[in-house]
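What follows is a short report on a single structure.
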Amino acid sequence: MIGAGVLRGMGVTFKTLLETYPWGRAILRTLQIPVTDGIFTIPYPETKQQHPERFRYFPFLVYDGTPDNLRCVACKICEQECPPQSIHIVMEKDEQGRPVKAHGRTLPKQFDVDMSICMSCRICVDVCPFDAIEMDNEYELSASDRYEHMIFDKHKLLKSAEYFQKIKPTEAATVDQRLAAKKAKTASPTGDKPSQPSGP
Amino acid sequence: MNSLDQLFVNANAFLLGLLPVWARPWISILVRLSVIAVLAPAIMMYLTWIERKIIARMQNRFGPDRVGVYGLAQPLADGLKMLIKEDIVPRGADRLLHLAAPILSVVPAILLFAVLPFGRNMIPADLNVGLLYFFAVSSVGSYAIFMGGWASRSKFSILGAMRSVAQIISYEVPGVLSVVAVIMVTGTLSTAGIVEAQAERWFLFTPWGFVGCLMFFLSGVAEVNRTPFDMPEAESELVAGFHTEYSGMKFALWYMAEFLESFAVCAFTVTFFLGGWHAPAVPFWTLALLLAIIVGAGTRLAIPVRGAGVLAMLGAGALWGAQPIPSWIWFFAKTYALIFVLVWLRGTLPRLRIDQLMGLAWKFFLPLGLVNILAAGLWTQFPFPLGTAAAALLLIIAGWLLVRANAPQSLQPQRVYVFAD
Amino acid sequence: MLPPPEEIKSALEQLLPGVSLTLDAGGLIVVPNDLVAVCRCLKENERFSLDYLANLTAVDYPAEQRMDVVYHLYSMAKKHGPVTLKVKLDRNQPVVASVTPIWRGAEFQEREAYDLFGVRFEGHPDLRRILMWEGFEGHPMRKDYVVEDQDVLG
Amino acid sequence: MELKAGISPTIETQQLEVNLGPQHPSTHGVFRMIATLDGETIVKLKPVMGYLHRNHEQIGERITYIGSFPFTDRLDYFCAMSNNFGLALAIEQLGGIQASERGEYLRVIMAELTRLVNHTAVIGFLLNDMGAFGTPLLYAFREREKILDLFEAASGSRMMCNYVRPGGVREDVPEGWLERTRAIVNAFPRFLDEFEKLLTENEIVQQRCKHVGVLSKELAMNASVTGPMLRASGVNYDIRKVDGYSIYPRFTFRVPLGTVGDVYDRYYVRILEMRESLKILEQALKGIPGGPAISPKGQAIGKAPRTFRPPKGAAYGRIEAPKGELGFYLVSDGSPQPYRYHVRAPSFVNLTVLEDLCIGHKVADVIIILGSVDIVMGEVDR
């Protein structure tokens, strides 16, 4: 009869209203009505949603042990491949313009990522041959000024490998395994000074 | 008359007793005015809180719970925000009308409280033409809406204003018709008299009363521009209808008018059809027993907790026996139950298009109202079994015929959908 | 099913004497002024009944001073695959007949090609810019469109 | 164009020109309609677009084929996964890459999950435009969030997934992911039944949607309308069935068709399509094999995008996106960057018939018709 559809619709909303209260769920369960697990919304500041391991927000540079032992060799592949061109690298050079080496590797003097342009697409991580850059999952980064706060310089980007293992255990495991394999391959056949690992 | 029920009446009498005789009528008017002046904004503020909480719960979220515990201070925060907000008047607007419109819409909403029988002989102004007063005052609102829409000089406001005036006028007719049956049966226009007449049987439980209540409630909802009839402020089409160009305190006044009128509609439906402040005919102990069963069986809490709940309910039942629940609590309970239905409608239903809305008023409610008066006549003339049966039968047939005439496709079977590979 | 491009070419040459078609790796190349005839024939002819213009776009070749307009046609009735038509136009005066009277779906896509490439479609009911605002000069998708320098990073 | 509404010529009325948009609460993004009204009835309606134009196609010409994947997430930002899938298919056709078996299954699962995500959002917004104060929208979004959590677990981001690559998917799904998906897919029909109970028989919805914005079969085919809008008018054309791309021929599913082609049919065809997608998902989740999630060639391209130089030539890859036919036309000149990169957006072409649907209807109907056409401005303006 006319109006039945409207009443049935209002029944659905009333059931949802009851569902949000524990006593409501109890009543619904006694009436054998299938019940979901209550309110789906979470009050943000109090309870934060825990993100899965692969959640990615902004990139960060990985260093092993001390901040100056960073894996990045300033090869600028990520700067080239970054779709919105948000990475800007300047290689460390001495006065005569020859690249300076630390720990047997060249290193970036300046490594800026403009976080207001970066769209966290993870292509820099995919294309980096040295696993020097990874995606962070820390997302509470609001800032008031675009240029001063949102452009992360090298110092602000550097985070330790342990931090990487803490936030992304399985991913860190595969990365470490790959690095170990590469170290074993480069160390064993040549045996002398570790050559600069060339691109794949 | 036990004390709790007449608490306010005795307090009022005691207060007036202290004064000299000549001052008493003035002071009693002053007391009633101040009660309404305090009651109305408080009701309005906590109506917004109730609505936001209930609709939030229907939508699987919490609703305001940041300001004060359970968000109880949220209405105060809203009110303060409205005060602080800048009051923008569009350049081309007619400033005087733009200011007068919200005031003109709030004043009738508050005036309606004068004839509301809150409890046994607790009626602010016992006019013997209470019902006529209700319809006269509530129709002033449509002037204010059109004035507001016209004064804002914006296309959306004008469209919204035109729609709302058409809607309000076309829904006053079924509203009045549905109450004519009540007047015919009770023979009095005074709201207090109508409530007296429902002492042993609420009008809702008569066939013509049931249809009348539905019609009065729905046309009241339409008059207040609430879903499913909120065409004038249809935010999806006309941004915000007639109060698009309002901000700050003026917008708060519009908001207050809307909520006060929706409270008044629910209160008057309770007065006319749900037995005003009368307690339901159900004896008090069955009520207590029912509550005890629910508490006992329903919740999955620990046994002792449930045991305590049951005892509490039985204790309350005993208390109710000695001291029945005061009349004004029944009035507010029923009114807030109807407000829950109002909010429930808003949380569920989409809105009707303007021409369907008009069609519903003129082609469905109007004839049904006339048939309803005929049914009420039948009900009064013939003794109990015959009268009710005849009235009910007449209404059902009329309803079915009207549905067939107005919305034939809704009776046809659902469309069948072809599945191709 | 749809016959291979050579067969379509020969069938069209029979149906429309005097039409000059050449085959290219991508599809059929049509001369601008008998484009409408070919399209109408492809649409009405029972064997092809290509009643659905999926995609219409322009490609800019500044080196050869030419601009291509590419049409991808499908058939909803017979559910068979794409026939690609190409029209080569002179880059400075890219003008071609509009196919909107044949397929209404071309209306917006032709306006977009006009807006971004500057290809003028004769007979289009309402040839205006669709994505850019009215006062915009130039056609951004052309290879030689100079983008004002965005200082990406200071 | 004779007016359907009964406008008597005798009364001297003046037509009102109203701008619906670009700042308007229900135009699904920055979209503007210049409507000429006679009273409440629409006489003329000119859509104006381009407010969200970022020249996506020129960006595509500046970066490598892999570089444009994150930008396809932003085309139709409700269905990132199926946009990636479209581009991946086009590149595979251009570069002759063959996807791995598990990669194909994962891509189909992601595409069908995206269809659920898109259709729930569309119906939620359609009801919101009709005035139901957000309740159906929030029910739809509750289910949508569960699926977006799956996307986040697999690709790293809820809506900007950038997950599908030519040759398969960027990374295999974490373990436990397939079980979670099975649980959600099994629980989905119960939500659909409850959603239908709230909406399909609702008299107000029926009165508002039936015989409103009727799209005839001939106009739909002639105006290249695709997707649920076309099928609601009764034309049996679903690219998953017609082209049989990827591994869709292995799954048995049906294509729901409407009869009248009005807003109600477009709404209900989407609900039936969701039920069909659930069938595909069940079969795909049952039949998914082991093995690498991406073919070795695809892996190499992902690692070093500059090394991928497809042969000279052109390719037009198209898929059945939730909104219609999403096509990618790529012209390659042998360099790592595409010479021409064109996106055939379903919402853009479906808008061609918006004026024909709206003339003669009321202002309130225009908003619902636009809601049922289901446009997303990221895709319309590119």
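Which chain is which? They are A, B, C and D, in the order written, and residues in each are numbered from 1.
In the analysis below, a contact is a pair of C-beta atoms (placed from the backbone, for glycine too) under 8 Å apart; a residue touches a chain by one contact, two chains touch by 3 or more.
Since we're looking at a predicted model, the values are computed, not measured.
Peer 1: Central chain, going by Cα centroids?
Peer 2: D
Peer 1: Give the label of the chain whose average Cα location is farthest from that of subunit A.
Peer 2: Max centre-to-centre separation from subunit A belongs to B.
Peer 1: Centre to centre, by mean C-alpha position, how many angstrom separate subunit A and subunit D?
Peer 2: Computed from C-alpha means, the inter-chain centre distance equals 28 Å.
Peer 1: Let me have the rounded angstrom distance from the C-alpha centre of subunit C over to the C-alpha centre of subunit D, please.
Peer 2: 25
Peer 1: Take the average of all CA coordinates in subunit B, do the same for subunit D, and state the distance between these two points in whole angstrom.
Peer 2: 43
Peer 1: Measuring centre to centre with CA averages, how many angstrom lie between subunit B and subunit C?
Peer 2: 63
Peer 1: For subunit D, give me the residues that contact two or more of the other chains.
Peer 2: 135, 139, 142, 198, 201-206
Peer 1: Do you know which subunit B residues sit against two or more other chains?
Peer 2: 58-61, 347-349, 407, 410
Peer 1: Indicate the residues of subunit C shared as contacts by at least two other chains.
Peer 2: Residues of subunit C never touch two or more of the other chains.
Peer 1: If you look only at subunit A, which of its residues touch subunit D in the complex?
Peer 2: 2-6, 8-9, 11-13, 16, 34, 40, 51-56, 80-81, 83, 119-123, 126-127, 129, 135, 170, 199-200
Peer 1: Which residues of subunit D touch subunit A in the complex?
Peer 2: Its residues touching subunit A are 59, 63-64, 66-71, 73, 135, 139, 142, 145, 149, 152-157, 160, 162, 170-171, 174, 190, 194, 197-206, 302-306.
Peer 1: So in the complex, which bits of subunit D are touching subunit C?
Peer 2: Of all residues in subunit D, those touching subunit C are 49-50, 53, 55, 57-58, 219, 221-225, 235, 237, 242-243, 313-314, 316, 318, 325, 327, 329, 331, 339-340, 342, 344, 348-349, 351-353, 381-382.
Peer 1: Okay, in this complex, where on subunit C does subunit D touch?
Peer 2: 25-26, 51-55, 57, 59-60, 70, 72, 74, 76, 79, 81-82, 84, 103-109, 112, 116, 129-133, 140-141
Peer 1: Of all residues in subunit B, which touch subunit A in the complex?
Peer 2: Per the stated touch rule, the residues are 54, 57-62, 65, 297-300, 344-345, 347-349, 403, 407, 410-411.
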